[in-house]
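See the structures that follow.
Shared between the two complexes below is chain A, which pairs with chain B and chain C, respectively.
Up next, the complex of A and B:
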């Protein structure tokens, strides 16, 4: 009886330890990811023009609305709002998928750094002091 | 006698293993999170893995 319990404990701990990776394959995560991927085509030219920047809080921000042609301005602003809402969902869902909703802020901070690190040269990013700098 | 020794040992090692795992699970796995973030960002931004440094530029520029 006791050894059966010990075996169960061992099996469980092995299971927990096997998770060296974060779980990121849930339907909710896939859904926001694909929405963000298709939206990127619309946003990319505006990162390059400096109209949009990658903020230190892991969101996209409109830095300079005047750099967006007037005819597109409204659409780009809505796309930014949708992007930020998807990003918030993404961070929340990753935390949830790994059984630790409290990790959301850490996941957001990790993403903030990686979005900025992976931004292309010429894109604008926010530094730790909150100032916008061109990569 | 011998059997109880073995199972006590098993229970102790299971407990120590379990406590190690609980520690891993409570603290934020920064490296795993970074790996996951990189994978997702590469997908969303459609970045290629920087594998071929000597790749010639595409002849047709889309922009």
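Up next, the complex of A and C:
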């Protein structure tokens, strides 16, 4: 659990891009981050099992739904959909808060790399060729 | 056929049943009798497989069977004993993708063109590659029969699901004795279910009929009708999974529904809801005695009626209401609905909705008849405020995922009014609704606003404007706000406590200064004007006041005797910090303060 929070904290930690500030916080960004942090506890076991992976487009993807127990499968899929919607909001709002909405794609790419860098050993991440590899 | 020690092996190169071919069948029998076209095999094992086509180890699995064939009577009997489903993959290659596991026992009997079967599956498991359909540990019994006449099969089947679990996206189901009894016909053109009945323990029964066009795979007609379902478990099991990550809805009572659709789309829906209680989001919204009767037809008019004896929305009590909803196809509307809220009433008028090209468009107008502010603030756990709250809501439209207010929303409050113009909510029902508006307030009575607040007391009136307000997920993103004393002639006094609180917003200084000077002997001071501004950008409030001064800005310009200027020094305050300062002030003031 602690390491899970560390994952999020590291991912959100101060990082100043060449042009922009990824750490910028507006009330909406804080709200999205807090929703993502509380959702992480639900998703973390499924990163570890390999059911979910961190995709190169900075989203979470269901790699292997069959690895999720049947009773949780629907809820995990809803959580993944909500997570990706929150992530899209996050990237867009960080770009806007930097006063430059056109940076959204760059911010997304930076986050994608950061999520993958901070993933724990054993989690699945998508490499530049689109293949899933275990960290 | 080769008689061998310990048994006989029957090899069939190619077997054709209906439009299906089975190749390389090998039946090995412990006891084998063949007498005048009557063929019996007991204690047999059956292998089906086309080597090289199916995955290794699957096709070769053998099934334990007894087999009887009587040519004269056109009789075929097959008994299966704990046959691993994996072994059937050889016979039915389509099953391979489902990775079936578990065993099946039972009998199949074919006489002429009549077939009967009685099968029990246990430990049944399957999963498709996407994981969208899967089952584990399923125990079920499947019985049925089918007869062929001139190219069409008349069939009937019954399924009794005794245990295990299944996931059929997005639904998760547990086998608790659900049954299905169905009958119908099938030919090359069409599959018909003339009668189907589901019994769902703890929920109710569902009857249905269906016609499927086999040539194009399209649903030609479907009709279902429920009995009085137990609404709580029905909603939890069947509806909630469709809603995704949203607040939990818990109805208590019964629901009966029937709907019909054909190739063109939905034809009719009848819903009869009788709930003693409905809870949304663990108490965020609760309604008692919610009843709804909805007789909807895709062609033709009707009226739905929805009533409730009231409940609460958050901490606000709601009174009884009735919604008479006129329906005509995909058009809906009502003239007037009144919802009692606290001691006031919320009025909705001229509601009209329509669905076109898969999109909803709707509009409505309304008003809020006076609510007492002392009651409202008490309910909301806010410091007590005086006066009445009322509002007029001009036309609200919803189109293309955007909620737009035509004209200005005017709220009468604190003896003045507040008006919101250009109000738009983008994606109001999504995860991150975005709101934009310009707000103006005129002539708000500061005494009403502050008197019983622990903010300290200020007499006089203020005007406020918020330009370019933008909220995301109901959190402010950007605005330029300004508060200033209203023009006009009226008494203007500010208490020592209010001075301290105002100055704490703009950075320390004035409060401490009062404490150290002779001014501490005065409880109130005269003032000429109060002015504060905040431009919210990137989570930071850029503060300003009435005028720039040395190193700061003027927030309160003194006037009369004794006069006192209050300055602000913090130019940039984090929005979160500003909110927590205001909270601290409100919290400090909700307790009696002895000065």
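Just so it is clear, the second predicted complex is superposed on the first by the 112 of 135 C-alpha atoms of A that agree within 3 Å, B and C clash if a C-alpha of one lies under 4 Å from a C-alpha of the other, contacts with A are read in each partner's own complex, and residues count from 1 in each chain.
Note that in this section contacts are C-beta pairs under 8 Å (C-beta built on N, C-alpha and C of every residue); 3 or more make two chains touch, one makes a residue touch a chain.
Note that the structure is predicted; figures quoted are calculated from it, not measured.
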Is A:97 contacted by the first partner chain B, the second partner chain C, both or neither? second
A:37 in the overlay: touching chain B, chain C, both, or neither? Say first, second, both or neither. first
For A:26, is the partner it touches chain B (first), chain C (second), both, or none of the two (neither)? second
Does the superposition put A:49 against chain B (first), chain C (second), both, or neither? neither
Would you check which partner chain A:61 touches, where first means chain B only, second means chain C only, and both and neither mean what they say? neither
Does chain B (first) or chain C (second) touch A:79, or do both, or does neither? second
Chain A residues contacted in one complex by chain B, in the other by chain C: 24, 99
Would you mind writing out the residues of chain B in touch with chain A in their complex? 3, 6-7, 10-11, 13-15, 17-18, 20-22, 24-25, 28-30, 32-47
Quick one: in the complex, what on chain A touches chain C? 24-32, 62, 64-68, 70-71, 73-74, 77-79, 81-82, 85-86, 89, 93, 96-99
Quick check on the complex: what are the chain C residues that touch chain A? 127, 130-132, 134-136, 165-167, 169-172, 241, 244-245, 430-432, 471-473, 475-477, 538-539, 575-576
Can you name the residues of chain A that touch chain B in the complex? 2-3, 5-7, 9-10, 12-14, 16-17, 20-22, 24, 33, 36-37, 40, 90, 94, 99-100, 103, 106-107, 110-111, 114-115, 118
